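Please see the structure below; I have some questions.
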Amino acid sequence: MFSINLVILIPFIVAALIPFSYRRFKKVHLGWIVLIVPVVLFVLLARLIPSLASGKTYVHTYEWIPSLDFNFTTYLDGLSMIFALLITGVGSLVILYSIFYLSSKESLQHFYCYLLLFMGAMLGVVFSDNLMVLYVFWELTSVSSFLLIAFWNHRKASRQGAQKAMLITVSGGIAMLVGFIMLHTMTGSFSIREIIASVSEFSDHDLFIPAMILILLGAFTKSAQFPFHIWLPDAMEAPTPVSAYLHSATMVKAGIYLVARFTPVFGADEVWFWVVSMVGMITLFWGSFNAVKQTDLKALLAFSTISQLGLIMSLLGLGSIALQFGYSADSVLYTQATFAALFHLINHSTFKGALFMVVGILDHELGTRDVRRLGGLMTLMPFTFTIALIGSLSMAGLPPFNGFLSKEMFFAATVHIMEVDIFSLPSLGLIFPVVAWIASIFTFVYCMIIIFKAFLGKPQQEKLDKPIHEAPIGMLISPMILVALVVGIFFFPNLLGQYILQPAMSSIYPTFGDAADLTPKISAWHGIKPELLMTIAVIIVGAILFKFLKLWKPIYGLFSSRFTFNVLYFNFLASSVSKSNLVTNRYMNGLLRHYLLYIFIFFIVTVGGYLLYFKAFSFDISTNASFRVYEVCLVAIMAVAALSMLFAKSRITATLLNGVLGYSIAIFFVIFRAPDLALTQLVVESVTTVLFLLAFSHLPDWKKEKLSKGTKLINGIISVAVGLVVVIVGLSVVDFNLYDPISSYFEDAYELAGGANIVNAILGDFRGFDTMLEVVVLFIAGLGVYSMIKLRVKKEDENIEDQ
Amino acid sequence: MIEKILLASLTLFAISVAIALFRIIKGPSMPDRAVALDMIGVNLISMIAIISIVLKTKAFLEAILILGILAFISTIAISKYIERGTIIEHKSDD
Amino acid sequence: MNNLIVLPLIIPIMVGVVLVFLRPYVKLQRVISLITMIGIAGISIFILNRVQTHGIIRLDFGGWEPPFGILFVADSFAMLLVLTASIVTAICLIHAFSSIGEKHEKMYFYPFVLFLVAGVNGSFLTGDLFNLFVCFEVMLLASYVLITSGGTKPQLRESIKYVVINVLASWFFLVALAFLYGTVGTLNMAHISERVAEVGQGPLLTTISILFLLVFSLKAGLLLFFWLPGSYSVPPTAVAALFGALLTKVGIYALFRTFTLIFYHEPLISQTLIGIMAGITLIAGCMGAIAFKDIRLIVSYNVLIAIGFIMIGLAIGTETSIAGSIYYVVHDMIAKAMLFLLAGTMIYLTGKSKIDEMSGLIRNYPLFGWMFFLVTCSLAGIPPLSGFVGKILVGQGAIESGSYVLLALAFISSIVVLYSLLRIFLNTIFGETIISLEDEKPMKLGMIIPIVLFGIATVSLGLGAEFISVYVTDAAHTLSNPSVYIDAVMGGNK
Amino acid sequence: MSISQMIEFVAVVVIFLGSVMSVISAFGIIRLPDVYTRSHAATKSSTVAVLLSLSGAFIYFWVSEDFISVRLILGILFVFLTAPVSGHLLTRAAYRSKVKLTENSSDDALKEVLFPEDK
Amino acid sequence: MKINDVILRTISRFVVFIILTFGVYLFLSGHNTPGGGFIGGLVLASAIVLLYLSTDIETVKKSLPLDFKYVAATGVLLATSTGFGSIIFGVPFMSQTFAYFDLPIFGETELTTVTIFEAGVALTVVGVLVTIILSISEDGG
Amino acid sequence: METLIIMLIGILVAVATYLILSRNIIRIILGTAVFSHAVHLLILTMGDLKKGNVPLLKEADAPYADALPQALILTAIVISFAVTAFILVLAYRTYQDVGTDDLDELRGARDE
């Protein structure tokens, strides 16, 4: 029995091998080698379908960081199977397609390396049971998508698109991570299965709603839900196989997966219902509405993808209401929304994949994707046209294509939801069918645009750089397989329903008993029901709108281009850069004085502030040692000497005054019974003075400082305040007499260390280590001075690093 | 009695240090200041000697000698600085 | 046997001094210094494992029992940092071999690096507060010399600021030490902790603790980071990498040590104030990281972000978050060194320092380009690279203790890190190449090897987090239970 | 009062004299008009002051603790040896750096030797 | 302008001698009275500085042909190796020992490893101080 | 006495702070030097002043003055000397190469 972990790892291993071995495959297109991976994986996974359909699941654990409970646990159930099949299946087709799309001159080793990386990461996302491992793979998909979008990184648009996609998806990922951590805090587990099993214990926890919102953020960013959808159109800078694979079939569906996976956890909550379904609805509308105005076919498909993702998302939201009622015959009705979501997920991958490949063919063969330059391709590219036609009609929700089935189910779900009498749905529920219907009309319109504008009408050879011709057969294989599925699913939907969707339903509704109950029979005709009427209305209104497109298209002009989310995003980035620059340059202005001021102010505010606020100061002069007149004189001398340093007109005077200070301190050391100190201080002071004099011969005399009155005042206030704080703390410390110092121990120095000079015994023995390091400090300083003086840059040596 | 006299002389020395300090601050010329610093050093020597008596310890007698030495060295350095701007020459002038 | 733990300090010093005598023999100096650092790394691993089996090891210098003598205390936290510091230094040395230039090498470059390491290791290991000051000074003086080594104008300009601020910090350190000695009358950190606990951390002691906070924050670049961006962007690449990896970590270590071992009684300071400071540092770092176009500045401000992040772990103060911070410190030392090396090498290769002046380096230097991408992901905390374990644990701690503001700041900061580094990556590494094959400076092997080594380190630290988790857990346990440390130090002879 | 106490007292008085001397020379430093005269006051008188106080201390230690301090003798010797030299150096430096003599000095014999160009 | 330093040179020769003796005395007596490696070293160094002050670099170099960087390095090595010695003997780092010996001329004398340590300290201080001062004064002029 | 000395320390610290806030590099260096004086005095004051005799066992009898702060100051003095020497040389090297001793002119190029 092979483990699912291996399924995840195989693409990574192959990806890691590519950079080292790609040179060997000079003669064969690298894609052929790589194609083996998804095909093999697909077959391996497909063989498990029957056992899954019988309700079996597979769990396998490898320990990764067991001490933190991060374990590489894989969990194969119905839900992950759907996605895994999509990943490997569409992956195989896309790679096959790419073999003909990308010439060997491109850096294929990079392309396939990223693609495999992505495939592995994506499989990891859907198979991981451990949240942290899921997160690992989740971010890896963002990273590999970044690399794929920026595949042609010499284009500025590619780089910007890649950056945008990465920033948005990683940000969402980080939000999701926080959500995961919150889940762990609530449940103490990182395992999704365990969390699902213990839902009831923590659903009233304070963190429940925040965790839900954060996880949804992750899902929404990844699935390009409104208003995070802005990255997806820009991601179309990637090579078309990538767009077909990542940005329509798989990666963007990771968000869907996450929502589906967490439905058992959060689904019973009202917030979840509203957020998921409403965000989905808005996205559905906004995507389809915007798709109509696109002239670039790929951009059109991007917006259409956004819209379709919104559709699936809203279906999942609608389906979650079933959890509100628990398992009963009535509630099963609502699970059909979820069923429809999964069904449409598969359908969307088939027709959208095919359409992307068609656009890729046009781009590759004709050099443009702009509908305004295309037209009349039907006769010259018959196969391509057929594929496009089937894909578009399926997307528009027309029979006999799979899109019709899932679209009908979608309408049905929106209609059903109006009948629910909780969550104020009776009054608000009307929104769902209305929005769904309007969005479907736009969907119909843009599908017509693809068909009519690109393929019908007159050929416009003059606007194209290359002659119109049919694509090579290799490029057509993959889309043909996909449209074959589009048709096939329409005729045999229940095969899919039973073997693939049914196990998935039981993973989303684990408490809902028999999964067979949750699997409705899909049929193309089920009488004249509201959904059918809606579809017919869509076709009629859509056709009219398409006919008069020119008349109402100016509506788009009403939306100011200054307030699109895209512009907001760029403005946000640009203004944060410029604001940061402004602010940072303002306080990090290179002026040492300002830096020091900040430090001193921090000192005064924190130390002084705390001291005063908590009245930590206390002092008592009575415990002081006595003082004599001459000592007062000396103190006065030092104070005067110090103060007059401020007004010294020449540097020598100041230095001499510093010398006076040093000598007077030596006298205090004498008065305070510190002979060694007095000696050292005297010598050091003199040597310092000599040093100052030595250095002065290399320095200019100081000019009178040109400081404004205000500056001087500020300096003065700060200085006095710093002094005061030190004084107050000092006095309080002197007053704090709870402990005797440890130094009485050293009074046995003669017995312990054989020295009668306690200070020296401390320096040489008790704390000899300090002395040793201090010698090192001195040595470093000496050596440093030497090297600093000797090591100079000659003028011509100054290079860029010195600017 | 003895201690009082000693304290008095300490005070006197302190006063003369203060006066010398005044000269350092006021100047006007650099040699003036150097002279005053020299004098401070010398006065401090005396003070250390007296404090040793007051504290009845011989521990500070080294300090006296050191201070003598160092006052001398710094005076030389300062005077050379005033005179020539540098205090240590590379080569002998002779 | 306990003498082992002084080796990370004493060996670099002695070897450094010996290298002074070997001044003309540059090759020999290189070999010896590299061997030394590798040796210390080996010793550190040995000690680290011994700490797991034998508990905290201490060494009383001269045999004087605490609290009277100075002692070194090796717990898991300290040893992890020592180990990482040694490895990072060894790798940076390899880079220095080919980048620093013979002129510098003859001017005692290697002795200074070794002294720097000695100071850093000493600061990690010492159990005596005054000795910490002295070790700081060893490190600082070496850093003063290294930052000026080369003597170019910007170096001199920035190093003056660096030196003045650090000198001021040192004197404040002494003021704080004096006050602490005046109150509790001892210098041994464990003993201080005992005495502080005994008397209860009253307002006065808390005031003193703020003073320590000020001092260590200056060293760590926590809020008082003004010296950092300028001075980290001027020295030679290898030195900047060392600085970025080691210097602030010493301050961070000191903050962790003092505020978990000694002044942990007053949450207003040890949590609220540090939290505020960490938050502001994060914000300032984030703003700086996106404000500039000079790679060195971007990289330097990234240092700030990491500091803020690590300190959030302390501000939250649970065992989980502290463990997270420890993971993150180790990660940051490696990744920051790598980032600095990359930035410096980029400047060396192109002769430019602004991101809009270069482009398309990946075509000329593919491996280099990918390494930059790796470090970008690693610093942004993208798993499974080294940054993410620490990030998760800090987040976990924040959630457990309800510090949502810090949580938000910490996690948003990693997006900013990502943005700031992606900006470099997309502008310089990707894009149209501007260097023709003829003008291309050859990538020196000695420059790319250390970068790759760091790359391997950051990957393996992420994937193999389990290997260090036992040490980190122990370190966090020791930090959050001061009694473990105190017992090891004060509890009789070992 | 024993002999030793007497001598101690004398020693202390000597010290006191030294301090008075010092104050006098300090006044000289304030009152005298130019650096040369001030230097005279400083070196000459303070040398005496040091001599007196150090001898006092020497005598005191000799008598009270029966201790002949070589260091003190050395100190005295040293001050005697160096004080004139430093005084000399300082005034010479002053002169060579062209510090002006006081207004009422009558003659400046060196000027023509050292600074012929100033004439 | 030629400067005649006869007085200074004459006197400083004598004074340097006093200072050197005194420095050695301070160094040796440090264990029991004020003094020790640091102060001894500082005083020795100031004697050398006085030599430089009163004469010039060349002259001193002729009579004292030492590279003071190496003097300092030797000092550090000496100071650290006394610590390192304890590792070899298996006692805690920096353990100092002392013993009393009856030496023929000096009478009962205390010999201790601290003295070696202090000698290292003194050498370093001398070396570093002179290095610094020489480096600065040799620079440019 | 302690109060007096602490006042003095306060004055020294204030003066040092004012000097450090100057533009001229020499004033700054002098400021750090004054600061170090203040710190040394402070450490000494923190061990009680004038309690006990000179800490020389053969010279005087117990009680002795607190010897530990003295040892610490000794270390601190040497370190501050080393630092001062270094920073002085740094200042003049900066002046030689950059041509100014005014910190306001050492701001450095700004990145817009």
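General remarks:
Every chain is named by a letter (A, B, C, D, E and F) in the order it is written, and numbering of its residues begins at 1.
Rule of thumb we're sticking to: a residue touches a chain if its C-beta (ideal position, glycine included) is under 8 Å from a C-beta of that chain, and two chains touch if they have at least 3 such contacts.
Keep in mind it's a predicted model, so treat the numbers as computed, not measured.
Within the contact network of the assembly, the step distance from chain A to chain D comes to 2. Centroid distances built from C-alpha atoms place D farthest away from chain A.
Closest to the protein's overall CA centre, chain by chain, comes C. Comparing chain pairs B-E and C-F, the larger number of C-beta contacts belongs to C-F. Distance from the chain D centre to the chain E centre is 31 Å, each centre being the mean of its Cα atoms. A straight line joining the Cα centres of chain E and chain F is 25 Å long. Centre to centre, using the average C-alpha position, chain A and chain F are separated by 50 Å.
Of all residues in chain A, those that touch two or more other chains are 581, 585, 590, 592, 596, 671, 673, 675-676, 678-680, 683-684, 686-687, 690-691, 694-696, 698, 726, 730, 733-734, 741-743, 746, 756-757, 759, 763, 765, 767-771, 774, 776-785, 788-790, 792-793, 803.
Looking at chain C, one finds that residues 13, 17, 20, 61-62, 130, 134, 137, 141, 144-145, 148, 151-154, 160-161, 164, 168, 175, 179, 181-182, 187, 230, 291-292 touch two or more other chains.
Residues of chain D in contact with at least two other chains: 74, 78, 82, 85, 89. Pairwise chain contacts present here: A-B, A-C, A-E, A-F, B-D, B-E, B-F, C-E, C-F, D-E, E-F [touch as defined]. Of all residues in chain E, only 7-8, 11, 14-15, 18, 22 touch chain D in the complex they form. The residues of chain E lying in touch with chain B in their complex are 2-3, 8, 12, 15, 18-19, 22, 26, 33-35, 39, 43, 46, 49-50, 52-59, 133, 137-138, 141. On the chain C side of its complex with chain A, the touching residues are 13, 17, 20, 61-62, 64, 67-70, 103-104, 107-108, 111-112, 115, 118, 122, 130-131, 134-135, 137-138, 141-142, 144-145, 148-155, 160-161, 164-165, 168, 172, 175, 179, 181-188, 191, 195, 199, 202-204, 206-208, 210-211, 213-214, 218, 223-224, 226-227, 229-230, 234, 236, 269, 273, 284, 286-288, 290-292, 301, 347, 351-353, 360, 362, 377, 380-384, 388-389, 391-393, 395-396, 399-400, 407, 411-412, 414-415, 418-419, 422-423, 426, 430-433, 463, 465-466, 469-470, 473. Those residues of chain D that touch chain B in the shared complex are 8-9, 12-13, 15-16, 18-20, 22-23, 25-27, 29-30, 35, 38-39, 42-43, 46-47, 49-50, 53-54, 56-57, 60-61, 65, 67, 69, 71-72, 74-75, 78-79, 82-83, 85-87, 89-94, 96-97, 99.
Chain D meets chain E in the complex at residues 74, 78, 81-82, 85, 88-89.
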